[in-house]
Amino acid sequence: MRAALFLIALVVLALAPVAAPWLQFVLTLAIAKGFAALGVAVLLRGGLISIGHAMFYAVSAYAIAFLARAGVNEFVLLLLLGTLASTVAGLVVGAFMVRYRAIFFAMLNLAMSMVLYALISKLYGITGGTDGMRLAVPSFFGVTLDKARFDTALYYAGIVLMVGVGYGVQRYLASPLGHALSAVHTNELRLEYLGVPVRIVLLIAYTISAALAGIGGAIAAMAIGHILPEFAFWTASGHLVLVAVLGGIGGVAGPFIGSLFLEVLHTVAVGVTDAWNLIIGVALIGVIFFLPSGLYGLIRRRSGEPA
Amino acid sequence: MTTPLLQAKDLRIAFYGVKAADGVNLEIREGEFLAIIGPNGSGKTTFLNLCTGYLRPSSGEVYLDGKPITAMAPRTIARRGIARAFQIPQLFLDQTVLDNLMIAVAAKRGIWVPFKALGAQGRRQDAEELLALVGLDREAKQLAGTLPEGRRKLLDIVIALALKPRLVLLDEPTSGVSTIERFTLMETLMGALRQAKVTALFVEHDMDVVQRYADRVVVWDSGSVMAEGPPSEIFKDERVLRNVVGVA
Amino acid sequence: MLDTLIPLAVDGLASAALIFFVAVGLTLVFSVLRVLNVAHGSFYSIGAYVAASIGLWIAGAGLNPWLSFPALILSAAIVAALFGPLVESCLMRWTYGKSEAIQILVTFGLFLILEDLQRIVFGVSSLAEDTPMQLLGSTRIGGVVYLNYQLLLIALAALVVIGLRVLLTKTRTGRLVTAVVADREMAQSIGINTNRVFILSFSLGVFLAALGGALATPTAGAAPGLGAETMVLAFAVAAIGGLGQIEGAALAAIIVGLARVLAIYFAPELDAVAPYIVMLVVLLIRPYGLFGQAATRRI
C-alpha cells in the first residue's frame, strides 16, 4: 500500500513541471530544504534539536560559490564538494556539540549559526557581504546547458538524489547504529553501560545531518544562482525545524512531504501576507499541540500502522 | 591462590560529609554468587557505582583480574566484562522487548554497523535465545514500557547478560517483585547465570533469597564491610541479627 | 595608554550592564520555571522599540525631556505587563513537565511569532532616541571624559544584582520563589501558589529583558534583527555564568563586555564573535559555566 503511494508520488513529482512549469522551481527548492530538514530530523531521532542547522546549508552554498569563482563549474563536482564542505564543518562543530544535550545543544547551534551569519555578512571582501555571491550556470555531466534546461536537469537530479539518499538514510536509521541513536534519546545511561561510546554515535549522526543539509544547500545554490547570508539566518533554521516536526520523525519521507507542503503554501501565502514567520511560529506551536506525530504520522495512521 | 575476579581495596567516598564508602575491602572470586546485605543508606549502591565507574572514589582502588579499573568510564568497564542491572530498571521503554535485547546484542558485537538491519547478522537469533533463557520470549513484541515491574526487572537483567559479562552486578533484583514471583525470578535467573558461568554479586533485602542462593554473604554497615561468610554463619552472627536482619 | 583603556573599560562595562539585564532575566526564568525561553531576546528588542517610540513621542509632543527617563522604565513595565502573564499562562505553563524538546520548539515558535509581530507593529526601520544620553552629558575625571549615561547603566546593573539578591533572600515573595526553585512539588504540597510564583518570575524576567532593551535605546537605538542577536548573546552570557546563577550572569556579563571592547579595539571584525569564543573557552574548561552545577545522581 505504501509502496504504491510512493510510486504515485514520484510520478506526480516527475510530471508536475509539465503540467505547471512555475512549480518546478518551487519543487526544486522544496527538495533542497527537504534534505536539510531530513538532517534536522535525523538529530531529532537522538533527541537533539538543532535550531541552527541552516548554517550547514549555507556552508555548502558558499563553498560552491567560492569553487565556481575559482573555476570549478561542473554540477557533479560542485554538488560533491559542497556537500563535503558541510560534512567536514559538521564533523568539526559536532565534536564540540555532542557534549551537550537539550536546550544547551539547541542554543549552541543557534549561536554558531548566528556567528556564521554575522561573519558572512561582515566579510564583504570575501563573501560579498549582504550582496551575496552569484553563481553561473554549471555544466551538467560535461554538457553545457542554458539556464532553463539546467534547471530541469537539476530538478530531476534532485528527485533521483531524494530517492537514493533517502533510501540510504532509511537503511541507516534501521541499522544498529541508527537504533543506537534513538537509544541515546530513550536511555543514554543504559547505552553507556552497554559499552557504547554515546558521543561517537551522536557525532556520526551530527555529521550525517550536516552532510544532508549540505546536499540541500548545494541544490538550492544551483537552483537560485544567488547565494546570500540569509541562507544561514535563524529563521531559515526555524523553517527547517518546522518541516522536520511537521513531517514527523517517523520516517525519511516525512521531511520531504512536509517541505513540499510548506513550500507550496509559502508560494501561495506570499501573495497574500508578509508575516510568514508568524505563520511558521503559529504552525510550529499548533503542530506540537495537536499533531505530535506530524503529517507523516497522519499518513501512517491511516494506512493502519502504529504512528 | 588465584587472583580474585574483582577486588576493592580501601575505597573511600563521601557525599556532603556522609561517608558512603569508608574503607571498603572486598574480594569476589570467579564463579561465586555473592550477596550484599545491609541497612538502607549503608552504601551498597554506592559500592556498585564505584565498581562500575559511575563514581570515582576519593581514595582506594578497584581491580578487575588484578588490573586497576578505578578511573575508567562506565562504558570501558562494561567492555571489560562487568555488566550492571539497576534498582530501577533502565530500559529502552519505547522499544519492544526484542528490540531492547537486539540493541544490547548489537552493543556487544559492535554497534558500528550502518546499513544492515538491526535483526540481521544473527542478532535476532541471539536476542531470541536470551529471551527464551529467562522466559521473556512471550513478551518479545511488547513495548518495554508496558511490562509490569517484575518483568521489567528481568528484562533489565537479561540486557546486562547480553554483554556476556564475566561479572554481573544486580541491584536488588527482587525488589518490586511480589513474594510469589520472587522465587520464579531467582530460580530462572540463577539457572541462567550458572549455565552461562557468570559470577554474580547481588544486593538484596530479602533474606530468604540470600539464604537460598548466595554462596557467600557480605554484610554492609555505615559504608564498609561489617562481616562476611557463608549464609549459615552470617545468619547466626549476633551483630548481623541485631543490625541488619532484625530479631523479634 | 590609560586614557584609552579607561574609556574602553567603561564602554565595556556599560555594554556589560545592558547584556546583564537580559541574561539575568533569562537565567532567572530558567531557574524558576526550568525552561530556557528561546524567545527571551525578543522582549529586549520589543522593549527597545517601545522605549524609542515613547521617547520619540515625548520629544514630538514637546514635553519635558526629563520624562524620557521614567519613560524607559515605563516601557519595560508595559512590555512585562503585556506579555508576562499572557505568555506564561497560555504558552509556558503548557510546557512544564513535558519533554525539553517541546519546550524548545514552543519557545522557538514564540520567537518566530514575536519577531513578525515586532516587524508588523514597528516596521523594518531602525529607531533612535538619545535624549536621556544627551541630558546627562559627560564628566571629566582626571583627563578622561566619561558619558554619564554609561555610568548610570553600570550603577543600575549593580543595583539590580543587589536588589535581586535582597529580593530572593529577605522578602517573603523571594523566599517563596527560592522554595519553588529548590523543589517545585514540595513547594506545592506545602501550599505555595506555584502558579503565581511562575507568573511573577516570568514577568520579572520579561521586565528585565525589556529594561535592557529600553536602556539601550539612547546609545544603540532599536533595529530589526536585534532580537536574535540579543538572544544568542544573552544565552552565551548566561551559559558562561552558569544557568540559574545571578552573580554568575553578572560576572559573565563583565567578562563578555570587556572582551567585546577589546575585540573592537584590536580586531574589529571579530567583535561579534568575541563573546562566543569566550563561551567556547569557558565551556571547554567548565561545561556547566563558571558557577554552574551538574545534575544530581540519578541511580
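For clarity, chains are labelled A, B and C in written order, and residue numbers in each chain start from 1.
Going forward, contacts are C-beta pairs under 8 Å (C-beta built on N, C-alpha and C of every residue); 3 or more make two chains touch, one makes a residue touch a chain.
Bear in mind the structure is a predicted one, so any value in this text is a computation, not a measurement.
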Chain whose Cα centroid lies at the greatest distance from that of chain C: B
Innermost chain by mean C-alpha position: A
Separation of mean Cα positions, chain C and chain B [Å, integer]: 49
Distance from the mean Cα position of chain C to that of chain A, given in whole angstrom: 33
Separation of mean Cα positions, chain B and chain A [Å, integer]: 44
Chain A residues counted as touching two or more neighbouring chains: 189
Per-residue multi-chain contacts in chain C, two or more chains: 299
Sequence positions of chain B contacting 2 or more other chains: 90
Contacting residues of chain A [partner chain C, same complex]: 44, 47, 49, 51, 96, 99-100, 102-104, 106-107, 110-112, 114-115, 118-119, 122-123, 189, 233-235, 238, 241, 245, 274-278, 280-285, 288-289
Residues of chain A touching chain B in the complex: 168, 171-172, 174-180, 182-183, 186-187, 189-198, 201
Residues of chain B that touch chain A when the two form their complex: 52, 73-76, 78-79, 83-84, 90-95, 99, 102-104, 106-108, 110-118, 123, 159-160, 162-163
Residues of chain C defined as touching chain A within the complex: 36, 38, 91, 94, 100-106, 108-117, 119-120, 228-229, 231-232, 235-236, 239, 269, 272-273, 276, 279-280, 284, 287, 298-299
